[in-house]
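The following pair of complexes shares a single chain, subunit A, combined with subunit B in the former and subunit C in the latter.
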Partner chain A sequence: MTRLFAALALLIALSGPALAIQPDEVLADPALEARARDLSKGLRCLVCQNQSIDDSDADLARDLRIILRERLSAGDSDTQAIAYLTARYGDFVLLKPPIKPVTWALWFGPAALLLLGAGGIVIGLRRRKASDGALDALSDPERARLAAILKDRDQE
Partner chain B sequence: MIAEIGHYALILALVIAVAQSLLPLYGAARGSAPLMAVGPSAAIGQFAFVALAFAMLTQAYVVSDFTLVNVVQNSHSEKPLLYKITGLWSNHEGSMLLWVMILSLFGALVAARGGNLPPSLRARVLAIQGMIGAAFLAFILFTSNPFLRVFPPPADGRGMNPVLQDPGLAFHPPILYLGYVGFSVAFAFAVAALIEGRVDAAWARWVRPWTLAAWSALTLGIALGSWWAYYELGWGGFWFWDPVENASLLPWLAGTALLHSAIVVEKRDALKSWTVLLAILAFVMSLIGTFLVRSGVLTSVHSFASDPARGLFILGILILTAGGALVLYAIRAPTLKAGGLFQPISREGALVLNNLLLATACATVFLGTLYPLFLDALNGPKVSVGAPYFNATFLPLMTPALLVMVVAPLMAWKRADLAGALGRLKLAFLAALIIAGGAWAMKGGPILALIGLAIAAWLVVGAVIDIAERIRLFRVALGDSLRRLMGLPRSAIGAAVAHGALGIVVAGITASSAWHAENIGVMKPGESVDIAGYTIKLEQVGEVDGPNYRARRAVLSATYAGKLVAVLTPEKRFFTVQQTTTTEAAIHTTGFADLYAVLGDPATPQAGSEVTDSGWVIRLYHNPLVPWIWVGAALMALGGGISLTDRRHRVGAPTRSGARIAQVAKA
Partner chain C sequence: MKLLRRYQLVFLLPVIAFAILAAAFGVGLYLRPDVIPSPLIDQETPAFALKPIPGRDDAGLSAADLKGQGVTLVNVFASWCVPCRAEHPLLMQLAKQGVRIVGINYKDKPEDVTAWLAELGNPFAKIGRDDTGRTAIDWGVYGVPESFLVDNEGRIRHKHVGPLMDHDIQTTILPMMRKLQK
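What follows is the complex of A and B.
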């Protein structure tokens, strides 16, 4: 697999940057083209690192862009076009992974962490408040010393 | 000979680093002053030898010494001098040497400026720094030695990846590394404090300048990288949620949280154990970033080196550092006494909320970046986690943080009057409404962009109000206000600058994402197209020669309302040595928007057509407010710099009341 990717990377390097979407790919119907652009942003160029096919220079990304436009021109809905691609390339092609048991940790992890952290903070604050009463009030000499320090600070 | 001196200097530096990690630590445990005193001299010595090695490698690059494998692989005699020098850190071995040099520089600075530290703390901090240095010097010497010879030497080198031959990228690694490695000092202080079992306001004050310096450098480094991607990659994007970018964002988020929680330790003696944990995590995140980039575990556009032996070595360092520090933390943290109490509605409370959000955001980026790797390691299905995921999770976490950070500086410690603080922000609220309303009238949406601009205005005006309140602007005579401004702590000014600057960044990100326009088409010389009110005409396409490349250059004239405003000359460069092509975008900026032009390939002639000159693919983009992203980021770093000049960080400048309190406390 690594070797395949290395070979692909080499191919890309040699072919030179073609730079994302080419004029000859653009569909004549602007509404259809806008849908294609939108969908492209969520589809991964399989040989790139987290680049969408909309941004990628790779030839494979160009092929995917063309396939996507063919599907849309053939009358596919957005979901059908995406389903067509995931059937061939798996969830790997989606930059936004679908919510499945295997991605639960990914999707619900942040919320869980936030709640956990918030819960921890609330409990921590409560506990400290409870132990607050255990602190003795200042004695008279301490209070006098505090007043002296504060006065000194105010003068600066 | 030069290479041997460098090689030998590295070996000496390793030996010194080992001594630096053992003797002061033992001395501190035994209370032996002479052994503890080894720390500072060893730290300075380690830096001197690493710097010598670095100078020798630089020399080899400057004179194009092709008897060194490293120089052969990454340089070429025809390269401009600047790129000969920066070529040193464009590759794995050289960049690790730079990493270690910056690490030892920080060690030497702690040694030189640490005269006011308690000797045992200083000895322990330097020992921890020594351990990190020893680990990475060993890494260089055993797996990534830049001083290896090649025989017979080739006639010329293979040159550097042309994409990297660029001034923005030339200085991106050193500044980024200053940030990454700068967190090692906070880490060393945290571990030393855990060994000593003591974290107090003085500790927080000592850690603060190092954290600030690292944070400012990291901010600048990330911004430079993003700027480079914007103008070099040729389609106007500035952040890709690429794993390597995320790797630099992780320590930034942890470091930002650390910077804020350390204030609470310093002012209120609270959040100690959390702050120590953050100091550990910020550096661990830096190491994870180094591991991700250097091990080649993620093959990405940014990473040009991969070797499993190296990956395992760095992973070992990472596990030992993180594991060791966290075990120590688990043992010692419970003994750290929590200090000052506070109500939930207080400045402490706001900073705790900020920390919760930043830490969760950091964890989210971590999760998203490594999730595909985790699944892969568990033989799970292959998934991709890209920009849509991060936009859906990171942005909702950061939004409340952006809202709160304006209010927090106006809140009192211990117990705050929230309604009062919000009341003083009336103007900021008004400004947010006006900006959002104005944008709605002009552009009509999208709603998220309006919210983004409102938040930007809230941040900028909020920062101005923060300062205006402190100097009682318009409530006392102007001269009085000026005098108050001069007397304000620099840290307060720095914080306001950085907070306001983040608003500028938010405005740039929002506007350029929501309202960018593009026109991709085939143009023949003499033809013109319209974009965002500009008329762009392709004047001609010609060829030019550069120092080590040949280029095809288009000349485009941009007119606005009938007046010529700019001539854009995008290029496509062909580097003969590497046989690769790069695109050089032409950018005309007004400060409020960028006009961005890219020259593509010649258009393919239609089948059967007799015409040979069928035109050129020209990409035009109009990106509103995009320069604000980098101006804002630079101002954020400047804010950090201003805060760094605060009086309380200067050596040996104890305040009178401080000394008095110490006296009273002793009595």
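What follows is the complex of A and C.
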């Protein structure tokens, strides 16, 4: 029993997740391959749009992985290799959109909304505090009316 | 009596915010996330030279074939692609009307595409064989079929993702061709 358990545990420990990348795509140079893996994790597969080309089994993702490796092997910098793909597929191929005027709302919108909300709360709280004192004090006519009401009740 | 005092308007803010969000989501429902905008619009076509399909005399297709030939419809297709079959009769009809259509045959077997064209008819003035799919990638293609309108100067002016429907041809392709031909 222990043996079976140990064998199973070993099996599970050794089994990694299924990789989309095929052995024939892998570059011989480990440093270059590591760069390619790293870059392809940030590139969108255009067929299955929420997967990176590193994750996707789609045919096009494989073609793009191979092209990326060709570019790196040819001596492209990371930026150049990415630019090769954005020239064809646009910024959409990047899983992380670049920061430029059209994406400012996307990048800074949430923070701006948070600041706006926080500002609103701060202003609201300040106003409430300022008005607290004013509510505590009764004006003279109010005090007179209150006294009259209390007097009426006592008489009943 | 005033229905709302000034400070009470603040309570309307969440309602207004919700209405704006709902409107944004409503618009989002009708957007097409599968249609990715192409950075190649109004750019010159990528440089390419494709060989003809073996066993056919279509003469291949290169960037030079898209210059000085009036407006051309470039159709990326494959015999294994089902939507291509669906749009094929429309391409035949367009070719009959005198529209110049050229084909980029994407990752296909020569005998398959030959049989396909024999069965359904050949609307293409020229066909280039893209067996590696590299030319299609240079054109920013991410699925077949895709179609492009190329003007007389060899610039890409319009891209259509997916099969062309009669509606697309009547409302977009033909009006645009007429405009570009002027």
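Please note the rule applied: the second predicted complex is superposed on the first by the 116 of 156 C-alpha atoms of A that agree within 3 Å, B and C clash if a C-alpha of one lies under 4 Å from a C-alpha of the other, contacts with A are read in each partner's own complex, and residues count from 1 in each chain.
Everything below uses one rule, namely that contacts are C-beta pairs under 8 Å (C-beta built on N, C-alpha and C of every residue); 3 or more make two chains touch, one makes a residue touch a chain.
No experiment lies behind these values; they were computed from the predicted model shown.
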item: First, second, both or neither for A:Q49, with subunit B first and subunit C second; value: both
item: Touched partner set for A:L125, first subunit B, second subunit C, both or neither; value: first
item: First, second, both or neither for A:I21, with subunit B first and subunit C second; value: first
item: First (subunit B), second (subunit C), both or neither touched by A:G90; value: both
item: Which partner reaches more residues of subunit A (counting touched residues only), subunit B or subunit C; value: B
item: Which of subunit B and subunit C A:T103 touches, first, second, both or neither; value: first
item: Which superposed partner A:I67 touches (first subunit B, second subunit C, both, neither); value: second
item: Subunit B and subunit C footprints on subunit A, overlapping residues; value: 49, 90, 92
item: Subunit B residues within the subunit A interface of the complex; value: 234-235, 237, 240-244, 298-301, 338, 341, 344, 352, 356-357, 359-360, 363-364, 367-368, 371, 375, 380-389, 392-393, 397, 520-522, 579-583, 598, 600-601, 603-604, 617, 619, 655-657, 660-661, 664
item: Partner subunit B, residues of subunit A touching it in the complex; value: 5, 9, 13-14, 16-24, 26, 41-42, 44, 48-52, 55, 90-97, 102-103, 105-106, 109-110, 113-114, 117-118, 121, 125, 128-129, 132, 145, 148-149, 152-153, 156
item: Complex contacts: residues of subunit C adjacent to subunit A; value: 10, 33-34, 36-40, 107, 133-134, 137-140, 142-143
item: Interfacial residue positions of subunit A with respect to subunit C in the complex; value: 46-47, 49, 59-60, 63-64, 67, 86-90, 92, 124
